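Pasting in a structure now, in structure tokens, and then I'll have a few things to ask.
We just call them A, B and C in the order they show up, numbering each chain from 1.
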Amino acid sequence: MTLTATGVRAERPTTTRRRGGGYAGYAFLAPVLLYVVVFFGYPLVANLVMSAQDYTVRSFYTGEAPFVGFANYAAVLANPLFTTAVLNTVLFTVGSIAFQFGIGLALAVFFSGRFLGSATLRSLLLLPWLLPLVVSGAVWRWMFDQDHGVLNAVLRLVDAPVPWLTSTEWALPAVVITNIWIGIPFNLVVLHGGLKAIPPTLYEAAELDGASGWQRFRFVTWPLLRPVTGIVLMLGLVYTIKVFDVIMVVTGGGPANATQTLTTWSYALSFRDFAFGQGAAVGNLLILVATAFGLLYLRSLRATLAEAAS
Amino acid sequence: MRHARTVAGVLIVAVLLFPLYWMVNASLQPSGALLKPSPDWFPVAGTLDGYRKALSTQGGHLLSSVLIALGTVVVSLAIAAPASYALAQLKVRGGTSIVFALLIVQMIPGIVMANSLYTVFGNLGLIDSYLGLVLADSTATIPFAVLLLRAFMVSIPRELSEASRVDGAGHWRTFFSIIVPVSRNAMVTAGLFSFLFAWADFLFAVTLTTGQAFQPITVGIYRFVGNQSADWNGVMATAVLASVPAAVLLVIAQRFVVAGLTSGAVKD
Amino acid sequence: MSATKRGWTLSMTALTALALTACAPTPAPGGGSDAVATTITELDYYADEQGSAAWQKILDACSKQTGITIERQTVPTAQMLPKVLQGASSKTLPHLLFTDNPTLQQVAATGALTPLTDYGIATDGYYESIIKAGTYQDKVYGLAPGVNGLALMYNKDLLTAAGVQPPTTWDELKAAATKLSGSGKYGLAFSALPSEEGTWQFLPFFWSNGADLAQLDSAKSAEALKYVTDLVNSGAASKSVVNWSQNDVADQFVAGNAAMMVNGSWNLARLDAEKALKYGVVPIPVPKAGGKPTVALGGEVGAIPATGGGTQQAAGKVLSCILTEPTMVEWSKAHAYVPSKVDVAKKFGEQIPAMQAFIDEVGTARSRTAELGEKYPKVSAALAAALQSTLTGQQPAEQALAQAQQASGS
């Protein structure tokens, strides 16, 4: 999808493009391909292999780990914690992405206008991402403290303090809120970049045609933002599923596994229960989930590419 | 009111960044003071102890973090930009498979990556080296940069590169002279994220250093957070100090974001 | 799609080749030579400023005494085990390792450690429980220069104001804590995290009541769990205990939100620094009058991985130096630990009365891994899960413990 939506596509000499594009393309891609193979190949294969082995602490030292086929996967699926972890992961991911994206988009639209201080304020909004997670986690934990936290102090004004981190109902919303706060900068910056790429002439034309603010958003901004939206949501999904530090610092997976997601559970299986094979199995299940969503994303990409080529 | 949007903007930022204010508040009060029954919303009985401690011990760590983050930006963009161009504009066989692969490799759990990097780097002698950490952090930033840049570059009109090719320029020339300037927006965004990823990375930093040579700030901050004591004053002061140079860099970088991708590049 | 197929085959070949080369470990350093090495590497988790400085002094003193240079590496606690495992798989283990009791059992289970008798380090005069903590399959692989445990620390002013005596039994504790609670403050604070920290804090109640880790669903175990749950449900302790680490508990105590806390000796330095806070220390209350509390043993054990003759000998020398009486006392003084030799501890208690409560407890303390060895983490995790489940009201105590016994028994 190109931006010459209103223009007419020029004629293209196809022969020069075909002949040159092939080899040069691979040359441009070579560094990335090398990087991926060298740095990602080994862990990917190692993780796959480990999930099919009975890998214990001893295996680290001796290198021996008996092959057990799908036993680890079976154990993981049969574990009562599996459904809890899956449910928590789904809720955590959907909750985080929905609000991160929504708030990020609203902020991007608001701050893309030109007014005094817009650039500085927008830069300030990136600060949450700068902080080490041990710091943001600690600050949010204090804010969520049931008795003396700031949030409850404010809520007490309306007589509704919430047992944020101490009850199994509110612990997950608490980590979701923390994760949303940390994830807004990512959405904000990428969507802002996408917004800036839309020529202002299109907005002017729409305004001249009598379109309201909302209509301008719906018919100009939103469609042209689609490729960027796609990548933000896809990457947001991958990163949210992978979230580990935020949950570990704020609740440690508790209380009573209320915030145990597949990622934190994978770590617990490996480094708390020392069942490394099972931990690897859960990790691979996560990769499968991401693969499924990745295929969906590619399908939508292909559709856009086909649309552009026609 | 003329500056209505500014006022609204300031209010929004104030609400969203309140936790940051709380962090600054904590950095100026003794450890645990914010847990008092009625915590001071303003650090009335403030103390600069935390800053003194942080400045005297974390200066070198800050520098290390800056170097590693900048190195990651350079390496990531150098590798990702050409790849994104190829995937977005040049017809490459198996392009979608490569995009797919880049999505999938990001799902590998951090600890698995850290373990394997430790083994590989141990063999290559890259433990405790800046290069090692830059390469390690780049594994997190390159896939992202490629995917992000690709999403932007797909929108670059083919006419731009075609015009340059018709004029006789080779692919590299086209890339450097046309594509890179036009994608400045997106490159700055990708660079920004690479910087932030590398800056906030803890796992690779703690795995690939032994503390004998240097330590980034994310590891250095644990000087104040131990198993048996937590000096939150020091932690928060370090965090505030660490945020300052990074925030400055961020503001500068944002100034480079140029409005309009193709304004003036192609005649409408 | 032959070009793509070719591309994939190439990639997979390269990948496999790389995996094979990356898999080959470097040969262990210092192997073969029997001359004592002059430099060794050490790993510990005293990352925080105070502990780090104190430990560095100890290492420097022993480095000077033995003439061996010590390259020290410090990691945050949570990174200790991953670091050790990485070292084990790449054959780059530190020459001298200081880690806690449960982790030592895991490392010993890998087969990477060497018995301390190889270096002439004897176990005479140590507390029985400490020897057990470092023993794996009847061989002693680790010894600690200092140990710690939990006790009940109380705010003298708050207790005097309420007319309450420091409690000695469970009933007294419940009564005192209830009296001291109200208007946002609580009588007692402790940690009930879903991790080793939670189990560690619960074990004094668990063991003092006569329960056993091998039988999590016994009646005595349920009694202990119900007691602790009752403290929280009745408002004597905050519900936030399920989210508090021991550091948080100390913060709450110092801020005056809790009149008493269950915490370890390492907090004494911090409590002393708080000028406005007057505190006292008593042993953890027992179920019935006249009994002795049984706390879990803590503190870091020094162990020597198998890294080759020269470095092992050097590490042995350094460890022997650390385990001498003056070094033990210095470390214990600096870090508020209890020396791990019986008579040394006795003399230490005379010097520093504030530590007396802890020293009394070490006599009857138990090593967490004494019966279970490397199976301890699984049982610990199950017990902590039961603790959390009951405290959050998910399950009644008996059911939670039955589930825990099932989870750990397998």
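We take it that a contact is a pair of C-beta atoms (placed from the backbone, for glycine too) under 8 Å apart; a residue touches a chain by one contact, two chains touch by 3 or more.
Computed from a predicted model, the values in this text were never measured in an experiment.
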Subunit B and subunit C share contacts with A
Based on C-beta pairs in contact, work out which chain pair has the most and send it over.
-> A-B
Distance from the CA centroid of subunit A to that of subunit C, rounded to the nearest Å?
-> 36
When the C-alpha atoms of subunit A and subunit B are each averaged to a single point, how far apart are the two points in Å?
-> 15
Listing for subunit C: what residues touch at least two other chains?
-> 22, 82, 85, 89, 184, 255, 257
Among subunit B residues, those touching two or more other chains are 35-37, 93, 111, 115-116, 119-120, 222, 225, 232
Return the residues of subunit A touching two or more other chains; collapse runs of consecutive numbers into ranges.
-> 33, 42, 46, 145, 148, 271
Subunit C contacts subunit A in the complex at 11, 14-16, 18-19, 22, 81-82, 85, 88-89, 106-107, 109-112, 184, 193-195, 238-240, 242-243, 255, 257, 374, 377-378, 381, 385, 388-389, 391-392, 394
Provide the residue numbers of subunit C that touch subunit B in the complex, in ascending order.
-> 1, 3-4, 7, 21-26, 41, 45-52, 71-77, 79, 82-83, 85-86, 89-90, 92, 184-185, 246-247, 250-252, 254-257, 264, 266-267, 269-270
Which part of subunit A faces subunit C closely enough to touch in the complex?
-> 33, 37-38, 41-42, 45-46, 56-58, 60-63, 141, 145-148, 163, 165-168, 251-258, 268, 271-274
Give every residue of subunit B touching subunit A within the complex, in rising order.
-> 3, 5-6, 8-10, 12-13, 16-20, 22-23, 26, 34-37, 39, 78-80, 82-83, 85-87, 90-93, 95-96, 98-113, 115-117, 119-120, 135, 138-139, 142-144, 146-148, 150-152, 154-159, 162, 165-166, 171-172, 175, 185-186, 189, 192-193, 196, 199-200, 202, 217-218, 221-222, 225, 232, 235-236, 239, 242-243, 246-247, 250-251, 254-255, 257-263, 266, 268
Report the residues of subunit A in contact with subunit B in the complex, numbered from low to high.
-> 1-4, 6-7, 10, 12-13, 16-18, 20-22, 24-29, 31-33, 35-36, 39-40, 42-44, 46-47, 107, 110-111, 113, 115-136, 138-140, 142-143, 145, 148, 150, 181, 184-186, 189-190, 192-194, 196-197, 199-201, 227-228, 230-231, 234-235, 238-239, 241-242, 244-245, 263, 266-267, 270-271, 280, 283, 286-287, 290-291, 294-295, 297-298, 301-302, 304, 308
